[in-house]
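Two complexes follow with chain A in common, the first pairing it with chain B and the second with chain C.
Let's look at the complex of A and B:
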């Protein structure tokens, strides 16, 4: 046994020795003193090019490195100056004229000019760049034709530098949401000289976004990008607002596992987490943890129906399925993260002044009646259908709940299938599913970012549903300058959408995160934008 | 030299198998316009016939170029390996150290006390070690040593002490295997005539064990350690994600799910080369230790 003891001793001694020399001050405490913020950022950013990124982990970092013309005020959600100091909109809503910040500078000291924006938008729309979000610029006159390669004459596109500090945008039809749209990273400018040092202007994925190369016009500048470790930014002294910024720098950590992230937070290694493990949200909420934060996000969790497959091609069947889902039970008993039951497709809340109210209610009786009308009384003869979801615990729980509800209320049986993300996307795109879990986060704060998904042949429709009346209503709404009238048209379209029910909204999601009490003036807008330049750190 | 056809087969199978899998590297919840899709495919040469792509890949490979990553479009596969392989290599080396020291020690001890209480205790512990998944052991140790005692960081790879918990977790699973293999291997040679002869000619138990039982008894362990070392050194997805370590294991799994063709193929090649290398080493070591093999 002596040997066994020795073995145990040798194994444990190094561990015990370490007890004496563990790290003393936490990262957060040190950051509070030095003005450095430590943020959990979800996945590793794939790129930092504002014109080609698509995901939130990228957007959060990019919005510290670049400024759009306007940004949203975090409390009112109203557009406020960013790279543009002021703007005027013509009577007919077609022409926007921006005056740029007189002290606007790139992080290398160059002035930000109107021509920078023109060059950037030409790059964004160039087919060669292959930008997924090119359509964000489609409200501009001629933008779509240019991106489709129908012309290579960029003067046909509605963007002109009138002077060094005067930028004009011309639209083909009025777009009431244009200022909201401008807060999206697609509209951020890039520094052409820097890009051209690493390849052609519209060459995709060159090395210009590396640390040391990247030049931006945002409140922070890129210092270091160590893949899977961190992205480090520091205050950009050339920024016109640098005097107002108290934060000296930010570290963004890619931590994709929420449990790992929570542990990092608990041990003082992060000021702010990206998220909270779903099963922990209720725990934090119930004990009113001062570090727990929860905000509505401009997003909908919903089910798609494949309208090309019988009997889901029958609107009555789809409506019956929609009405038989008890959303209160799902939000209260299943997901339990403070989500709101969804009785409309566009998220309801203080996001916009479009608040048409609930379009339907939980009504299992009506659901049974509709199903009987469609030829399946008590679910008799209803073929077994499949709910598809991408592999994730929450999705499985929701699907199981809905499976139960449909079986109990309607007497129909469905199976559950899960697929990994890439396969799931392809199955959806090819309409090879019956019913599919889906989610959407609005790109900008306007009902259009949800409602235009369901346009006939829209790339994100993925239900096979086509309705001319709906298309017409959306087009009309987007031409309408009067907000009240525009909202009426949207409401009419949404009512039609939910009557036809190619989609069944389930709930509106929330952004949950943990944040140290030393962080002040931190905001996250409903579309996920975070104005870090406003943040102040206090030492306790 | 036999390694080259093996490697070529691995590359070929990986290359075509990946492209047979549903879903492509550009699939996204946000729809890609046909223009953008075409531009991306042209940029990566995916618009060419598959066979052309294959030969182009081999051509680049011959020059040591594993191509660009699809998911991290500004990085090349070579850069990803240079960035993350050293981390996995170091973590794996610590794991291997733990596996060998704990495993061999415990295995020898158990063999020496064969069928006695010490043996049973160690073998039970080893069984627990094999059955206890790393995603349980990892968070458990983090809970005790980081959250409760505050001795270590909960994750990361910056401080030197960040190596200890993950190294132990990674190694302990293999240590348990090594312990069992060693105990059985050495335990068998203890029953052999030559061992009894050694004892009879007056050697102490310890001397006999070291001189006569260890060499033949350790052969199965060495055979196991070849592929195990390759596995340890190329990273463990679970340990890396529990401890938030920027190693290759996470890259491999995420690339496979993200259909990052070039990264997956590149890492498969790296893994294959390592396995071939370690198998060769194992063959060499076995020949060194086993006179029967040496003669043939």
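Let's look at the complex of A and C:
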């Protein structure tokens, strides 16, 4: 240890001093000149395959490497052309016909064809790939049956290449949000030839996503991926829109600690941060910092209960745990970033016209009563359970506050355990946790994006909860054409969900971030979509 | 006139030259070592009785008073060192954490002491091939990246405080084994050991009665130097989130929490780091002092 200290003082300090005396240009200033954007990405991406990823850290990078058929205009939220130049919707809302961009190219120069989309959707739905988001394609006729392995005839699925540049999607029921849905990474095409060079088409986790191998159709292409250091992308010269794009490249840094990230930003090493340390939000807000940005996001921060493990398999226990969390205290005194306490699972706000209002209240007395009914009066005999969270300061604070509330109000003790992002996702997927901190950001602006998560065996359910009545209500709602009636059905389903409580909503999150004033035309939508190709950098 | 009878031959006996007493005499005159010892004893005492002196519980949250600066008046009393982000009294947590850190350090050091001394003494006493094999095993273990090994242990087994003691102790005994072996190798050829052996004492008795007591000096010195190492290791493991469990606190964990609030609430980093640094410094001074005391160069 002593020799290590010496090495540090005598070896590293002079080096650091030297480095500090070097050219005075920061990374951001240099980036402004050369058109390179430096972004904090939160966590190290677990994969870059658009068809198997589930997390936001991955989606942020993948959306620069691939284009869906359409994308949303960040200001109006209207669908605008991406890989498709135009589209027609049939009268009954069941058939969508897309004309692809005439100049659409993959990053290796191959043209993007309608057949690419058909092949990609076939891969997405193939049971072998095991995509957790496969249900995103279920609005397509026959997609669910194909994914469940009931047939291996892909022609039964409602997607056809009519010509090289003509793609037709057929739905089983009209879905008003289909165009929104298409902006999600699940609907991105992949380059079949590249995939097959590294394994079978529907083989998960092959080496095709490595830098040098990956071929995409997005405005940027992957240059290098250094785990725990950065992911580097550069402008894709083959992209049909490359003439409009001024940004030359982007670096994504996996910095999971917001304090470190803020320091990087302050020292001119990041243009945009992923988030802001919770206790700093008020400071920035109060002084109206021009670099501070805060906006509501269509997302919920919640706790999942593993309903396959006793005593969490008892709905009364779960409800008790849910009711004993003082959400006001958490938002006002712990996270303090302007978040709203959540008394429903679907985020409330101006996102959609679905506003069913609070489904429950903070009620420790009722919680105690329920726990006693479940056989644990005053928490007696309740086994010690564990709260799992991915390593991040905010999550630890919330977990410690909840740990305290449960011990105070219910007399039960829980332990905390943290895991790194990829391990944490894996643990959740395998249901190897008791209680897990979770967050979900809507994939499109519709309550369905939250409510269909909890369907029986849903790829992103991750609680083991299964309820036929709930499944039935969601299916009915999605068949319903009348918006008011549809929302009623959703409200009924959500009430049931929160009564059964496989999840305990904590708060509705906000997107808080710091951004250098040199970044122009940067948008982040409530669904977390960021069209980086629009960004312009100005140097002072 | 003084009676001649009183003129006894003056004995040349000096007052008893007990090596321990000698060492203590030398140690007392070593100012940094004494300062370190006094600080350590004081801090330990505070840690032991401290949590009863403050009106707060170490896990008691008062969330409306989150990250209050030092000296803020709380409901039950003044928060002399401020509060953390969840409104827990920092002084209470610091003392509680100090207690835990010392507990881990002392317990793990004892484990390493036990394994190291036994192993080293046996290797040296047996000598020959057995010695060579045993010491090559130590060399092998030295080559293992021990933090990785520790993390592996913590991941495979349930996380518990007991395991933390054992795991840290189990990787800290190597140097101790080498030191003891060296001592025993020297001592076992000395005349008094030969004498005892010729009187028919068994090997175990020889080691326990004659060899080990005479190698006490280096053992004590190295033990004192192991404690700060173990504290650092515990801090490191807790820093990674593998050590002590929330809401328990250890100095390492408090520093970890402090780092993330460095700018908004610097006291959360300052006080635990100062306490930790001073403890380490004191332990090192005491260790150095002991080394000088047992091993005078005069």
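The rule we apply is simple: the second predicted complex is superposed on the first by the 327 of 540 C-alpha atoms of A that agree within 3 Å, B and C clash if a C-alpha of one lies under 4 Å from a C-alpha of the other, contacts with A are read in each partner's own complex, and residues count from 1 in each chain.
Here is the rule we go by: a contact is a pair of C-beta atoms (placed from the backbone, for glycine too) under 8 Å apart; a residue touches a chain by one contact, two chains touch by 3 or more.
None of the values given here were measured: they were computed from a predicted structure.
Trainee: After the superposition on A, what does A:130 contact: first (chain B), second (chain C), both or neither?
Mentor: The answer is first: A:130 touches chain B but not chain C.
Trainee: Of the partners chain B and chain C, which touch A:416 in the superposed model: first, second, both, neither?
Mentor: So A:416 only meets chain C here.
Trainee: Which holds for A:149: it touches chain B only (first), chain C only (second), both, or neither?
Mentor: In the superposition, A:149 touches chain B alone.
Trainee: Kindly classify A:248 by the partners it touches after superposition: chain B alone (first), chain C alone (second), both, or neither?
Mentor: neither
Trainee: Counting only touches as set out at the top, which of chain B and chain C does A:536 meet: first, second, both, neither?
Mentor: In the superposition, A:536 touches no partner, neither chain B nor chain C.
Trainee: For A:404, decide between first (touching chain B), second (touching chain C), both and neither.
Mentor: So A:404 only meets chain C here.
Trainee: For A:257 in the superposed arrangement: first (chain B), second (chain C), both or neither?
Mentor: In the superposition, A:257 touches chain B and chain C alike.
Trainee: Of chain B and chain C, which one contacts the greater number of residues in chain A?
Mentor: B
Trainee: First (chain B), second (chain C), both or neither: which does A:295 touch?
Mentor: It touches nothing on chain B or chain C.
Trainee: So chain A touches chain B in one structure and chain C in the other; where do those two contact lists coincide?
Mentor: 1, 257, 259
Trainee: Report the residues of chain A in contact with chain B in the complex, numbered from low to high.
Mentor: 1, 3-4, 7, 10-11, 14-15, 18-19, 21-23, 44, 46-47, 52, 54, 127-135, 147-149, 204-207, 209-210, 226-229, 255-257, 259-260, 263-264, 266-267, 269, 420-427, 429, 439-440, 458-460
Trainee: Would you tell me which residues of chain A are touching chain C in their complex?
Mentor: Within the complex, chain A touches chain C at residues 1, 257-259, 262, 277, 279-280, 283, 329, 333-334, 391, 393, 396-397, 399-401, 403-404, 415-418.
Trainee: Once bound in the complex, which stretches of chain C touch chain A?
Mentor: Touching chain A from chain C are residues 59, 61, 63-64, 66-67, 85-87, 159, 228-229, 232, 241, 245-247, 259-265.
Trainee: Across the complex, what residues on chain B touch chain A?
Mentor: Answer in residue numbers: 21-24, 27-33, 35-40, 43, 68, 71-75, 80, 83-84, 101-102, 105-106, 109, 118, 121-122, 139, 142, 145-147, 149-157, 159, 161, 164, 241-244, 246, 250-251, 257-259.
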